[in-house]
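Below, each structure is written out as structure tokens.
What follows is chain A paired twice: with chain B in the first complex and chain C in the second.
Up next is the complex of A and B:
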């Protein structure tokens, strides 16, 4: 397991190198672009050239790439042209806000998906199974911005129970907790159905195994068979799926954060991309890919830990 | 002899109908197919169904945009008829989503076949690249690509190819690795068929089972993504209607005029639900065969 972890760590470093090269090639290869973007559409060619030289952008691309990577490794993520401050001043707060949203949603999705998935999968084709399956297909198929609109219509406009914007500013009419309800609800609605179907599929698979039949035939109660025998093995397969949801919850929340004007990481990526704020987009992309790859490794390690029969080469 | 031929003919033409009949046995699949067919119908006959020009502004309607006898679903923030925009918007999504999904499949199948058939360094290069693209969250990859290339229908398709094809590569590669060891491939090699022939004519048809269900799910997923790009302001440039863009333009006015965002949101949800239910029906059938 140690060797496996070391190999995955090496792969992680290589992935991050390639990703950083791709990002650099896409956004900073041609130096003129950066300066003309900063100066706006009315700059004269001389001004662009002068700034290019001042910023050292006329040096060869590989030199600038190494310098950029060096700065990032030292913790200097550059200056955000959109937020008018160092990227470091903005990015960590935003990541924290998103992690708050993501962890609440995760805390709801995990138990709910296991309960619904196991309930549906323990008797394949039963009425309960069909109801849960169809419901989860429908909720996963509604795009987040659409379910945001639906929930806002019901709870903000008709019932007036919740605020329509979640700017995390306290002191208004709405508490921070009430501001979090709708964004979390949209995330859970969109993501839960998918996880439920995965857990259900794993459960259906396990319930057809001979050892379950043996347990039933030796007279064990159905409840005990499901909870004592089937659950653990169904969880082995489901764990990876569940862990991978962290990626969606941290990175995929762009839409949710945009609907509710939530000051999170995804909304920050969108804002900075729309205003061509390269430094922020680059730093955010590196961080998000790092999170994704680390979760994948954690998923693999967890899988090994739960199922000792698996030995990774 | 003639009888045998006749029987063969009946069998091969009956296959399609048998599958169709099987689909009718799955009420969920039928419901999905009906939803999708409804929107296909609307998209094809948009010029005859839409009561107004989707981009025409009616400034008198601005005073009272709520649904009324003249504008059945009301008008939007620029006095445009929402019903007409939804009808024409179905064309946008039902052209861009299938074209984008198809292109992603072409790229994914070719690279997946190459990687599974040749293995070795070809496989390493293609698989590594796919892995790296997969380590980007889809939405972030979309934002990066559109930020680099600019918003347009073609660039949305390019972005879908980058996001979707790595997953297709994985599926096709897996099946190809399995199939290339089977006797029929060896037989084709002995006959002296070229590698391209073996990949496209011998192996590719055997990947269709998993790919049919996947393509249907993926169509729904691509529809969501196109809507999301429109909603984020990264989709097709205005004024032509697309459902996500319609929500984006009006959702800040939701507290006063919820209908402006509500109807396009219902439209896109119903289409994606249709694709997903259809995919579920197809999966049920493929399991039964």
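Up next is the complex of A and C:
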């Protein structure tokens, strides 16, 4: 297990190095852009040149790359040209907001998807299975921008139960908690159906295995068969799918955050990318890749824990 | 009486006679007489009848002010970087700084410009010399008194080419001269820059008096001083603005988070009328139209900076909201840069104009709220607007012009536009359909606003669709956007005849005479100009009925110190 973790850690470091090179190449191949963006549309070419020189943007790319990596390792993520402050001052706050949203959504998605997935998958073709399957397909196939507007129309405009914008400002007598309801609901609706379908498929697969038939035939109660024998094996496949949802919940929520004006990570990436704020986009991309790689390692470790055969290979 | 008037300005008695004989309408009399330095109160008294507007601001007198004071008013508006007010290129940036810093003048919702930080102004008979008298006793928020030195510092900064302020274009002919820097550009042509034409062009007379000694006649000095980047800043902050910046306005900026919010608190010691509300907040909901709409529906905000046409139907249904609207010269221009081969021949640009049915464009792109566009960028609400005949869609004539220009089968090109507000891409799509009829196939390249503002006046976008806000005089927008070599001449259009006519128009106080010159300018623009103007849009914005004292301004400027909040 220790050697395995060490190998994965080494892979993580190599991945991050390659990714950092790609990110840097993609964003800073044309150094003039950074300077002209900072100076605005009326800057003369002389001013752009001067700033390029002051910021050292005219030095060879490898030198600047090494300097950038060094700064990132020291914790200095650079200066945001859009937010006009150090990236560190903005990015952690926004990431925190998104993690808040993501963890609430995750806390709902995981138990619900397991309960509904197992309930549907344990008796394939039953009425319960059909109902859950149809509902999951419907919610997953409605895109977030549609369900966001749909839910807002019902709960904000018609019923007036919830606030329409989730700016995390306490304006207009709405609590912060109430502002989280709609974004979380849209994320859960969109994501839950997919995970339920995956858990159900894994469960159906397991339920057809000979050892389940043996267990049933030897007279074990259905409840014991499902909980004691089927569930753990069904979870081996489902765990990977569930952990992959973390990536979506953190990095893929641009649409939800934009619809509800939520000051999160996705919204920040969108705004900074639109205004060519190189430092912020670079730092955000690095963080997303790090999250993806870490969830993958967590997935592998969880997989080992659930499936002892892998440990001994 | 006449002698008194003559003392203020020699032209005033003539103006009064013109008004009394019906040559001039009431609004134009008020506008021009205040422009010449007559106090608004006297102008209204001379104009007679019952005053329908507050002489100090031009706001209609029926504007109710809620008795109860206090409270916070929240407005949905973008909160971009605002650290360098002189270089602002959109109104919402200035709406933030405007709560803390003031203009020397203010143009009211009635299009009449009045002194604000100024007590009054006087123009010489030839309109070359303008004397600006500051109100005495105005205190900055740090306790300093506002004096002429501060204003001179701001004026000089606005016309400094190194600062890059669009105010420069407004004062270029009056106060500046071009010179060769001695350097050459990429093509080997000598580079030019501008500087004050004389050391005393901007002159401090005494602590409360500033004189602009212009070299050409200029009509719109008071209006120019209300151009949105012309916010008077405290010199000690060196042109920068931020949290706790010093200002003469009613509020202090206490929190600012780019892309999130701006919070202003009422300050003590404000020189103007008592301010009713405790604070005003601008909340950034991004470019997404539904977020702001939902925030208004759930009363998280009281109103918008500006509403979009797609929100109109939903806004109409909100019972707690009133839609304020005002007719304006706000528009967007599809400008073609003649520095590129495609647009070199002016007949091509004219063919593009003739292909458009602007009545239809208004209906398709802006729900018919406004007026059909006229391709010379002078709008019917401007006092000097001349009716030179409406350019109707004429496909046959357009095709003929294309053929004469050597493109009988049309051509292919690309137009850049912004993704929001939504009427802009909608309008571009409709125009593209009309251009197709004359064989011109236009590919649409929609950019997010932030990206669009990077290229709007650059040669990399030979054909693009840019929004222009309302300005009180027709000459103003022409001076900003079409005079040769000014920073905002996005079409890179240069026409000697146009520059001459514009200079002439800017020196004419008499509206009738100015209108004659304007007619020539408008005809010239229709014939060889670089733009298509699809529509004049009415400006509308929603506001909670509890907010009193709010009036939609044709320029979308907001003055929170006039507002109050009903309990």
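The rule is simple: the second predicted complex is superposed on the first by the 308 of 313 C-alpha atoms of A that agree within 3 Å, B and C clash if a C-alpha of one lies under 4 Å from a C-alpha of the other, contacts with A are read in each partner's own complex, and residues count from 1 in each chain.
Rule of thumb we're sticking to: a contact is a pair of C-beta atoms (placed from the backbone, for glycine too) under 8 Å apart; a residue touches a chain by one contact, two chains touch by 3 or more.
Predicted model only: the values in this text are computed from it and were never measured.
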item	value
Contacts of A:227 with chain B and chain C, given as first, second, both or neither	neither
Touched partner set for A:18, first chain B, second chain C, both or neither	first
Partner chain(s) touched by A:152 [first = chain B, second = chain C, both, neither]	both
Partner chain(s) touched by A:163 [first = chain B, second = chain C, both, neither]	second
Partner chain(s) touched by A:83 [first = chain B, second = chain C, both, neither]	second
Chain B versus chain C, judged by how many residues of chain A each one touches	B
Which superposed partner A:259 touches (first chain B, second chain C, both, neither)	both
Contacts of A:128 with chain B and chain C, given as first, second, both or neither	neither
Partner chain in contact with A:271 - chain B first, chain C second, else both or neither	second
First (chain B), second (chain C), both or neither touched by A:288	first
Footprint overlap on chain A, where chain B in one structure and chain C in the other make contact	148-149, 152, 156-157, 164, 258-259, 274, 276
Complex interface listing, chain C residues touching chain A	72, 74, 81, 83-84, 87, 89, 164, 258-261, 281, 283-286, 288, 290-301, 314, 448-451, 453-454, 456-458, 487
Partner chain B, residues of chain A touching it in the complex	15, 18-19, 22-23, 26-27, 133-134, 137-138, 140-150, 152-153, 156-157, 164, 247-248, 250-252, 254-255, 258-259, 266, 269-270, 273-274, 276, 281, 284-285, 288-289, 292-293, 296
Partner chain C, residues of chain A touching it in the complex	36-37, 40-43, 82-85, 148-149, 152, 156-157, 160, 162-165, 167, 169, 171-174, 258-261, 263, 267-268, 271, 274-276
Residues of chain B that touch chain A when the two form their complex	28, 128, 131-132, 135-140, 143-144, 146-148, 220, 224, 227-228, 231-234, 244, 247-248, 251, 254-255, 258, 261-262, 265-266, 268-269, 272-273, 275-277, 280
